[in-house]
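These notes open a run of structures that come right after.
Common to both upcoming complexes is chain A, partnered first by chain B, then by chain C.
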Partner chain A sequence: MALAIERKAVTKWVERLLELGEVIAPVRTPCGDLLFSIVHSAEEVVWDSANPLHPPKAFVLPQTDPLVKITRNGQGVELEPIHDGARRFLVNVRSCDAKGIAFLTRMHEMDPADASYLRRSDNLTIISMACISPCAVGFCICADSGPFLNDSYDVQLTDLGETYLAEVGSAKGQAAVAEEPNLFRNATEEEVIRRKNLEAAARNHFGEENCHFGSAMRRISTGRVPDALWEKMSDWCLECGACNFVCPTCYCFSVKDLGGNGTWTRCRLWDSCQYSAFTLEASGHNPRAQRKDRMKRRFFHKVSAQYYARDGMVGCVGCGRCIKVCLGATHMPAVVSAIRKGKWHE
Partner chain B sequence: MSAAATTCPFCACGCGFYLLQRKGQLAGVAPGETHPVSEGRLCARGWSAHEASLWGDRLRQPLLQGNGKQQSVSWAEALDHVAGRLKELMNAGKSIGVLGSSRATNEENYLAGKLARAGLQTNNIDFSYYPICYSLLLGLEDVCGEHIPSVHFSDIASSQVILLAEGNLAETHPQLASAVMRALGNGAELITLSYKKTQMTRLSSLHLQATPGLEGEVIHGLLAAALDLGLQGPAYVDIDYEALVRELHSVKRTKEARQVAKSIARAERAVFLIPATSGNADRQRRNAAGFAKLAAITGHLTRPSSGLLPLLARSNVRGACDMGVVPDRLPGYEPLDNPRSRDRVQDLWGKKLPLASGLSVQSFLQSVSGLVLVADNPASVLPMGQRAMDAMKAIEFLVVLDVFKTPAMRIAHAQLPIASFAETNGTITNMEGRVQRVRAVTNPPGEARGGWRVLAELCARFDIPGSYSSATDVFHEIGQAAPRYAGTERMSSQDTWGGAQVEHPDGAKSFVIRSTGATEMATPTSAEHPYLLALDGAFDWGNDPLVTFSPTLNRDYRSEGKLFPGGVVELGQSDADALKLRPGRPARLISVHGEVVVSVRIKTDLKPGVLFVPYAFRDCVRNVLGTDSVAGVKVECA
Partner chain C sequence: MSDVFLPDIARLVDIWDETPDTKTFTVRFRVSKKDEDFDFRPGQFLELSVFGYGEAPFCIASSPTRPQALQTTVRRTGQLTDALHKLGAGAEVGIRGPFGNGFNVEAAYGKNLLFVAGGIGLPPLRSLIWNVLDERSRFGNVTILYGARTPSDLVYKQELDEWAKRSDVEFHVTVDVAQAGWTGKVGVVPLLFKTITFHPESTLAYVCGPPIMIRIVVQDLLTLGFKEEAIISTLERMMQCGIGKCNHCAIGHRYVCRDGPVFNYRRIREMVE
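So, the complex of A and B:
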């Protein structure tokens, strides 16, 4: 059953959510950027806006993530897990990011389950906003991650003008709506039809030249991408790691202890498979010493049929952020296109 | 989680990002699309910029040490002690030096300069990177005068021809490499001039191979080819054409040089990217002037979106220059002997400036009895690092203000902990001359405090007028001391990235091209020492505390040092075969200066007869190189 909430009433709903936990939403910085931030009042939330450049991933998987407190105790040590069980509401997140968090959660649920991550994601309620027109760089339609969602959200809002259609996708979503039941009413049949029409229109607005994963997948999964092409492409990568850091589905990490004098905090840090020493072994051997090998690895993980079979989707939600942050020119659509055509553009 | 818009502390590109904080602790970095330099693109260093402040070895309280004892003291005690000891040295007629830093803010550098000249009455003030970029800046000044026309990064992306003299731009300045890549995407022609085949040379449409120490041949070959085209330069260039033709008469013009000269002359917009290199100062100065002459006679010095960009390594090299943290310049990078500048600064500071000329860091480290060192470890920056460290150990009273416990801080008699870029406010000036804000997002550990505050309190103990309640007050005074910065002040009150451009006071631009005499260079090789050994690069991030204390970055840099603790020499496969050298095995290098044994690494991209040692290992081969960056060597299996 779809619900509806008046545009003006959304602020009231957010105010109620603020009493229940942290509310995270796009906020305009004084410099003019949009940044997912913890908001302190409902007015701070920016509703009609582009997708922020930095994904909300950091709220389930922080760049610096304290996991365990280690204290020396005589000859041994005491370990104390660090809990982050804060209740959080992620508001006005786009379909691609909701899908990204669902991807991360599936990964961290795999055996052995990651308790630290799951504690965060279990307590996170995702209130997403369907995209009624494609964003400038997005290609979610190719990655089956938008512009509207059928899953991966707790509540999905669709902007119908004076009202938002609110679809509840989970018990967490139901609970969030139940906090202010008076603000919601059942959607009319006409509203549900409008939502369907908006979705069809949004899909139609995507151009032809997007990201053809299928074609790239066939080649990459069967080792039919020539080494020379990887080498050529790798000259256009500056090894910044930005594609990993802004990717809603990337989760690679390293572990480092912070502290000293008998007390340490074991932290998980974001890491990049594009950094040369990421796979450096203690012996000094590096199985992926060359940049082309690291690129090959990244795109195999993202696009191959082998990983598709495991994850049920490509390792990309089509948000297009890598296009904007890539210091070089080797973002997802460029590489997929080169693999598909067997040729790097120059 | 809260965020502060700030400027990257690493290289002189001056990218901007949001530094994130959670529960009082640094948590990460988020890109900002609105930043005029980086537009949301950051390199690996930028993405890990929060790590060093968090993981760094930090002192929490001022510490005095001497006679084998260490004692933590209060700030008042520490500063009284430091001022007292420095005054004792002054009264005893002993010399004192001050070092600013290219990783300190403008405010910190400005006050370090004020302390030196107004308080300690010495012109022995410098910063460790200055000896590396000095000759480059001087060579450009020889042609351009005081105000080197600089291009903006956005000009690079829109230029038609890019002449890139490189070390390895993709590694040293990824943001600039990115701009070059975007230019290539827009159809620009990239011409590289380098010793090695690097990532950027592979993207170039034409690569000019240079030999270390003899790069002048290529540069003057380009200049000669440009003159052959009949170019006499635009009217604003005062050129002694006859002398220049005579000077370049015997210079070899290769086919490539002719082609490049034509491309540059034809282009409406061309940029010249010129890095600082280490080695013989005259040679570097002549080479830099050569590039400037080429830019001048091809008309690219005053055309919009054309020009020269000296590539500086660390974040605030330009700011340190502009703050007058060098022996012979005052704030504004104005000459110390310019009466107008002197009067202005004397009036502002209320003190007479010292008359005796100052020494450069490499010289005064050997002779001073007292040293105030701000936020740097000279041994990890100077071309002769070990020599600097040995000299510092012999200094009677060493004061170090630093964020991190560097090797220099560990041997200091007074150790004063200051705030990192994530914990203090201030400004830094990128290589384009963009003055940008640094903002505190967390508190410094323990009692550590902003460097500007510590220096201001030291100044007060030398009865120098000036009272500052914030870094903004210091910046306000900088605008008075250096009129070029006066126009940048309005940005300090704004809540944005900042980013006002340092102004050139006079609009009139004129350039002078004079013959510099002989352009022929002696090759360092000989029959007895047939191989050319050269240092590769002029800065080593691997020894910078911003990298060594960052777990993510240090992993990549440290791996090389761990594999070759005694140093490494790189050579091509054909040379290795001829010399019967194998990877990882030792080789003996012998020059007229001495000999050393280092490990061998085979590289596929090297020209036969040329051997390289990464700058990080310069001290390992110092006995062979002498004071230069190149030497003829004999190579043996060791």
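So, the complex of A and C:
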């Protein structure tokens, strides 16, 4: 179902959403950075912007995710599960990030379902913005995650100038629209055609695809990437873990008790498969002590056919954030390209 | 949908010193119905919480045929195990699980069984050994080979005596380095192979211990004619969640916590880091 909302009316809609729950959107910080944050007024939402450096995954999977409250009582202990059931609206999120959350949700729904995550994702309404002019580093088109979405959104907006086309993709989207029915009208046929043309034009922006997952997948899934190539590539990796932390689909974690003096919070914390301690056992044995093995692990998890079969997509949405943060240039397109060509740049 | 990270509270009802750095903990759930409902197979493991320090995976060392005493045997090697060792009887810990595939006991009916354990590798096998001995008539010959660094590193000393005395068990023990008073064998576990007769075609071999020991024992067993499928081991990995989500224990697309920790040697060989 395609609706339309006037550009000016979107602010009113966001004001209504603010009454219903938390609204998360790109905001400009005093220092000029752009990031996803809880907003307190509709004016704070930055509509025309590049994609923030951090994806919005922290709003479904916080970097420090409190799971259980622990209180010691003499020799005994009391436990209380921590539930976050807040209703949230994620506004003006790009296609790649909406797809990233869909990936995380699918993974956390797998048996055994993770209630802590799903409580957040169930209560999150994603209002995405289709990319009519794709960003410089993005390769969403290679990962089937944009520039426009066919799924994974609740409402997808397309900027038509004075109006936004609003496609409703779920019951949650329908509910969000129904909160201010007077702001929306049915889209005209002409508006729907313009949206289609904008998508076609946006797809053409990418030129030749620059991240050929298919051929890399064949090699990585069958162990045909030479060890020497992993070694050479991993020479460039600084083991900083930034690629993991800015990745919309990375979810590896550790579990720790934070606090002290008899009260703690058991938390799930983001972890990085690129850290050597990730696989370090208490005995001192480390099966992935070498950097090349850790890099191989990261790309096997994201690009192998084995994981593709499980997750239904590659573990990459083509947002290009790893390109921005990787100091060693061992980001997704570079590694995929090296695997295809069988050689790393010197 | 349940809170998959919420442990059940259990009490340490008995703590037994096995060696200077290893203790066996007997636990009982605070909610006694949980004790009855707690079904497990030998080879499965628990996520045990020491509150304030987090949780870590430990194999279940007791047999499901003896449900009155759920036990785990833990060596002191880090912060969490150090804190666990300092707890006294009556202290409360957390338990999630059981996790993992465990040993397929039914598949061993009618077979000869060879257990080869090194050091702290005995606890997971002890769960299976007592299961087998409690249903002794279902199985063929039972041979247990056990080695440790020194006599004081041997765990379950009373039970070792018991196994040695039983006429329906062939039991041999060795230590790498003897101490005063030790009159038994000295040398690494594979040396015990010389003292026993093998029937590789009708025997399942369960091997558990430090990686170097497993490697040597498996090679010896293959040389003796054991099929890769008949050599069964448990893999050890850094684990956090126990449910195939956190990715610490992943090998390729398999998870030691969920697809394992018990694998036959053919599967182990096929898994690529």
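By our rule, the second predicted complex is superposed on the first by the 342 of 346 C-alpha atoms of A that agree within 3 Å, B and C clash if a C-alpha of one lies under 4 Å from a C-alpha of the other, contacts with A are read in each partner's own complex, and residues count from 1 in each chain.
Convention: a contact is a pair of C-beta atoms (placed from the backbone, for glycine too) under 8 Å apart; a residue touches a chain by one contact, two chains touch by 3 or more.
Quantities reported herein were computed from a predicted structural model and do not represent experimental measurements.
On the superposed chain A, the two partners chain B and chain C both fit, without a clash.
Once the two complexes are laid over each other on the shared chain, residue contacts for A:L327 go to chain B alone; chain C is not touched.
When the two complexes are overlaid on their common chain A, residue A:D159 makes contact with neither chain B nor chain C.
After overlaying the two complexes on the shared chain, residue contacts for A:G223 are found with chain C alone; chain B is out of touch. In the superposition on chain A, A:L280 makes contact with both chain B and chain C. Once chain A of one complex is fitted onto chain A of the other, the partner contacts of A:V246 are limited to chain B, with no touch recorded for chain C. Once the two complexes are laid over each other on the shared chain, residue contacts for A:S304 go to chain C alone; chain B is not touched.
The vertex angle at chain A, taken between the C-alpha centres of chain B and chain C once both structures are aligned on chain A, is 80 degrees to the nearest 10.
By the document's definition of touching, both partners, chain B and chain C, reach A:D271. With both structures placed on the common chain, the touch criterion links A:L118 to chain C but leaves chain B unconnected. In the superposed model, A:L238 makes contact with chain B only, not with chain C.
With the two structures overlaid on their shared chain A, chain B and chain C come no closer than 8 Å at the level of C-alpha atoms. Overlap of the chain B and chain C interfaces on chain A comprises residues 254, 256, 271, 280. Those residues of chain C whose C-beta lies close enough to touch chain A in the complex are 1-7, 9, 49, 51-56, 77-78, 81, 88, 90-92, 94, 210-211, 236-238, 240-241, 243-248, 250-253, 272-273. Listed in rising order, the residues of chain A touching chain B in the complex are 29-33, 35, 37-38, 53-54, 58-59, 62-64, 235-236, 238-242, 245-246, 254, 256, 258, 269-272, 275-277, 280, 284, 324-329, 346. For chain B in complex with chain A, the touching residues are 1-3, 5, 18, 20, 22, 25-35, 40-44, 46-47, 50-51, 54-55, 170, 174-175, 177-178, 181, 184-185, 199, 202-203, 495-497, 551-552, 555-556, 559, 562-563. Listed in rising order, the residues of chain A touching chain C in the complex are 67-68, 70, 72, 75-77, 79, 81, 107-108, 110, 112-116, 118, 223, 251-257, 259-260, 262, 264, 266, 268, 271, 273, 278-283, 285, 287-288, 293, 296-297, 300-301, 304, 306-307, 310.
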